[in-house]
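Labels run A, B and C following the written order; every chain starts at residue 1.
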Amino acid sequence: MANNSPVVNANELKKIATGSSKLSVRKVKDRIFQSAVLLWFGIFSVIIIYPIIWLGLSGLKSNADFFLNTWSLPEEWLWGNYQAAWDAGIGQFFINSVFITVVSVVSVLLLGSMAAFGLSRFQFKGQNIFLVLILSGLMLSPQVSLIPLYKLLQAVGLYNTYWALILPYVAFQLPFAIFLMRSYFLSISKELEESAIIDGCNILQVYRHIILPLGKPIIASCALLTGMNVWNEFMFALVFVEDSSLRTIPVGLMNLRSQLNTNFGIQLAGLAISALPMIIAYIVFQRQFVRGLSAGSVKG
Amino acid sequence: MTKTFRNSRTAILFISPALLFILFFVFLPIVLNLYNSLFRWNSFEAGRVFVGFEYYGRLFKDPVFFTALKNNSLYAVISLIFQVGGGLIIAAILEDKLIRRFQPFFRTVFFIPSVISIAVVGLLWQLLYNPEVGLVNGMLKTIGQSEWALSWLGDSKTAIYAVVAVSQWQYTGYMTMLFLLALQKIPFEYYEAAMIDGASKIKTFFFITLPQMKEMILVGTVITVICAFKVFDEVYVMTNGGPGRSTEVLGTMLYRAAFRNDEMGYASTIGTIIFVITLTLSLIQLKLGKSGKEV
Amino acid sequence: MRMKLNVLLAVLLVFVLALTGCSSSSSSNEESGKVVLKFLHKWPQPEYAPYFEEVVKAFEKENPDIKIKMEAIADEPIKDKLRVILGGNEVPDIMFSWSGEFARKFVRADAALDLTPYLNEDTAWKNSFIPASLQPFTSNEKNYGIPLRFNGKFFVYNKKIFDKYQLKAPTTWDEFIQVLDTLKKGGETPIILGNQGPWAAIHYLTGLNQKMVAQDVRMKDYNPKTGEFTDPGYVKAMQMLADLNKKGYFMKNVNSSSHDMGQQLFAAGKGAIFYVELEEFATVENNMKGNWGFFPMPSIADGKGSQSFITGAPDGFIVSSKTKHPKEAIKFLKFLTSKENALKLVKQIGWPSPIDGATNPDTALKEVAEGVDYMKKAEGMAEWLDTDVHAKVADVYLSNIQLLLDGSKTPEEIIKEVQEVAKQVQSEVE
């Protein structure tokens, strides 16, 4: 057998040998990494899931059970608590909350995406001033605006109407939404836009047909985040509206709380019911947060 | 270098509706607030007394103000580390191809706490922290660390940390979600190039991932800092500034002045200070981060 | 997605227009000829709200030309809402108020209507009240509020535990300490206290202050214009409270447990004594089913205040000075506090009524009736400290009481803070 044509050269054999051990070292490292991560994330998940389940179960307890056996399963499963919570604090206010939240969210998405578009796809002098102006809306504590806003709403005759809540909510949620959407729009490639304009699209069409679809993930998250804040908001809902026909859920839930006499089971049941729509909304919107939707269109 | 060629007029047209809303409903109260801070007044008395900058002077001499400032700053620093830093790392890990198939599960679980209203979160954690029946101490005792089983919310030394910890529990997943969105926008080609060059995971993270996410990271830090200085609900629900004044923050000081002590002028003063602090810090961050400019 | 968005928007637009139409009609104020009264109270809970709804309906039936728009907001939020709306032009005609300083600050701001002439012209109505229930709503000899409930604070005790150690309800503070000591030595938790909301311990301090400090001195100090708080009795009172905790007579970690938790602990027999208001007696009876008794705060031998006062206060309603319909408002208040409705209040909700004779063993728990009797016989009422002093002074007490109990602040340090704030307040109040 000649020296120069073995099936596998000795050196190559070595390379393959060390190559495969490199591969197995890499594999082991990966396994460790994966297990470590899964362990840690698993612990985090327990720290989160356990209290959530606790919330749901506590709604089924009586006061004595709640305070004396805080962490165990209910002694008696008082399903009636959920019914009582619905009747006293939620039922009649559900439509109001839904209406106000939906209108507020849609308005924020519309006005906010327009403003974010203007702030991210253009370069003009003073654009940063606009950004700061808008951002400063985030820096106002809602409590100090309670009295001025109250007087304002009375002066324009909107006090004690749906608009008394919708308008301030939109105004207070816009800054964050704009800031968020702008940061995402900034990362959308300019080539698409330019080719569209060369093809004869006007700005509005660019906005509607390119930016909005590409921005779906961030728009969906804005919808969710804005929705959450409006759904759970209490202060404005307490003060700007007084007819119980216009009340929202957070204020309705307050009905279940008192200084000396709260029925915690019913109250928690109410809070659990109130949290449910938001959790469902998240699961629905989640479908937007999938990689690949955006990457594809850039290449096209 | 691609130049955008539309004129500023179109841009302003797009921005105006939102801007008008904000100017009217938010800006007006800010200005009114500044004006109001120069008077002594409350909502049910007819007259108001002009006191000039007296309230500002009083604020700076008030030891509670400095406790509050310290607490708000603590909030900001800890939140930046856990929510922004932690959120980034978690997002990066979740995107890693080894973990990616678990992403939907963890992403959802981590996010859920932010959806729950503070009323529930506050009550939940008050019970978790209860020194006798709470799970926190229960856990500590089972793993043999009973000297650590303190009265978390009832002890002035630990209370503020206990409250801040709850915010991290609630919002880290929220930040993670935002960062995931930005991460997923990074074109795959960048990573391919890095892999070919044989870069390690950590190197890739620092030299490719982070710079591409600059804008979203900036959103994260600006929002976190603003919220840390505006924080009110979490503290109010869990400790109301107590025990003593150890967990007092600017937000609770403001609320108490306005709605318990009937000193709206003092409350307006605090509100103005919050505004000035958050404005300054945000401007600094935006400047340092060179927001809007290409990477 | 865009098509759906457009459709959604269109639908919403229609929805919005429709609903705006609905909501604006509900905010129209005067229906032709009818007088509309706005009535704000603090009991939206499903156990209490029906009472008010029924009374309002009955009133509207009897007075077809008066319509009542009622709003109910709970305890804490009502403090917020009151402060916001009082500055506007939608002030409720009749609104809830605690007695004492809380009501007096509205009086000082000219926001409350002087009710003295109305009470004086209907002496039957005036005399139907237990005098001690009207008094806390007065300022400068004039009446500004009408009480709806008349609460007193009493110690309730677990009979079984007391019998086990052959204990009787104490009448003096020394006897009280002996009882506590016996219980502690026997391994029981003597007193349950849930002070996560600091008002719980403030109620203790209310009685201690009143018993330790001479009445005229205390009244001068509680008045924002003349408050000094230099009497050593204030320090002694705080010391006594701190000592109770130091000697281990309170349960562990009082600052981390809420009053509600305390109620459950007491019900489960985990402690012998609990300090509650009359309105909680019904809950106690539910939980203990006869296995309980009660006694007022015992007398203190070296206390300079009157030892026959009871800690407690009425709460009820004031009328807005800006009301356009004072006569109708008074009519409603008279209806609300008529003997008939007072009996209904006691029977249906179990609250102690300030109407003489309404709270009797036929209508209420015998313990509640006995409690009201105690209050009738008492020389006076020691009103809740946090509603009887200026808000800023109350704030100092409230924020420090938890520190007093866990030993991180001494009574001397606290009273210094109180004195400083009292001085500040003096110069601010006209």
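Throughout what follows, a contact is a pair of C-beta atoms (placed from the backbone, for glycine too) under 8 Å apart; a residue touches a chain by one contact, two chains touch by 3 or more.
From a predicted model like this one, the values you see are computed outputs, not experimental measurements.
Here B is the chain whose Cα centre lies closest to the centre of all protein Cα atoms. The leading chain pair by number of C-beta pairs in contact is A-B. Averaged Cα coordinates give chain A a centre that lies 15 Å from the centre of chain B. Spacing of chain A relative to chain C, judged by their CA centroids, is 41 angstrom. Chain C has its Cα centroid 37 Å from the Cα centroid of chain B. Of all residues in chain C, those touching 2 or more other chains are 80, 84-85, 87, listed in ascending order.
Touching two or more other chains at once are residues 146-147 of chain A. Residue numbers of chain B whose C-beta contacts span two or more other chains: 43, 130, 258-259.
The residues of chain B lying in touch with chain A in their complex are 2-4, 6-8, 10-15, 17-19, 21-30, 32-33, 36, 43, 90, 93, 98-99, 102, 104-120, 123-124, 127-128, 130, 133-135, 138, 169, 173-174, 177-178, 180-182, 184-185, 187-188, 212, 215-216, 218-219, 222-223, 226, 230, 232, 251, 254-255, 258-259, 264, 267-268, 271, 274-275, 278-279, 282-283, 286, 291-292. Listed in rising order, the residues of chain C touching chain A in the complex are 1-2, 8-9, 12, 15-16, 19-20, 23-24, 26-27, 43-47, 49, 71-77, 80-81, 84-85, 87-90, 197, 259-261, 263-265, 267-268, 277, 279-280, 283, 287. Residues 63-64, 66-68, 84, 87-88, 99, 102-103, 106, 146-147, 150-151, 154, 159-163, 208, 212-213, 216, 235, 238-239, 242-246, 251, 254-262, 264 of chain A are the ones that touch chain C when the two sit in their complex.
Note for the complex: chain B touches chain C at residues 40, 42-46, 126, 129-132, 151, 153-156, 241-245, 256, 258-262. Chain contact summary for the complex, chain A toward chain B: residues 30, 33-34, 37-38, 41, 44-45, 47-49, 51-52, 54-55, 70-71, 111-112, 114-115, 117-128, 130-141, 143-149, 152, 167-168, 170-172, 174-176, 178-180, 182-184, 186-187, 190-191, 194, 203, 207, 217-218, 221, 225, 228, 232, 250, 253, 268, 271-272, 274-275, 278-279, 282-283, 286, 289-291, 294-295, 298.
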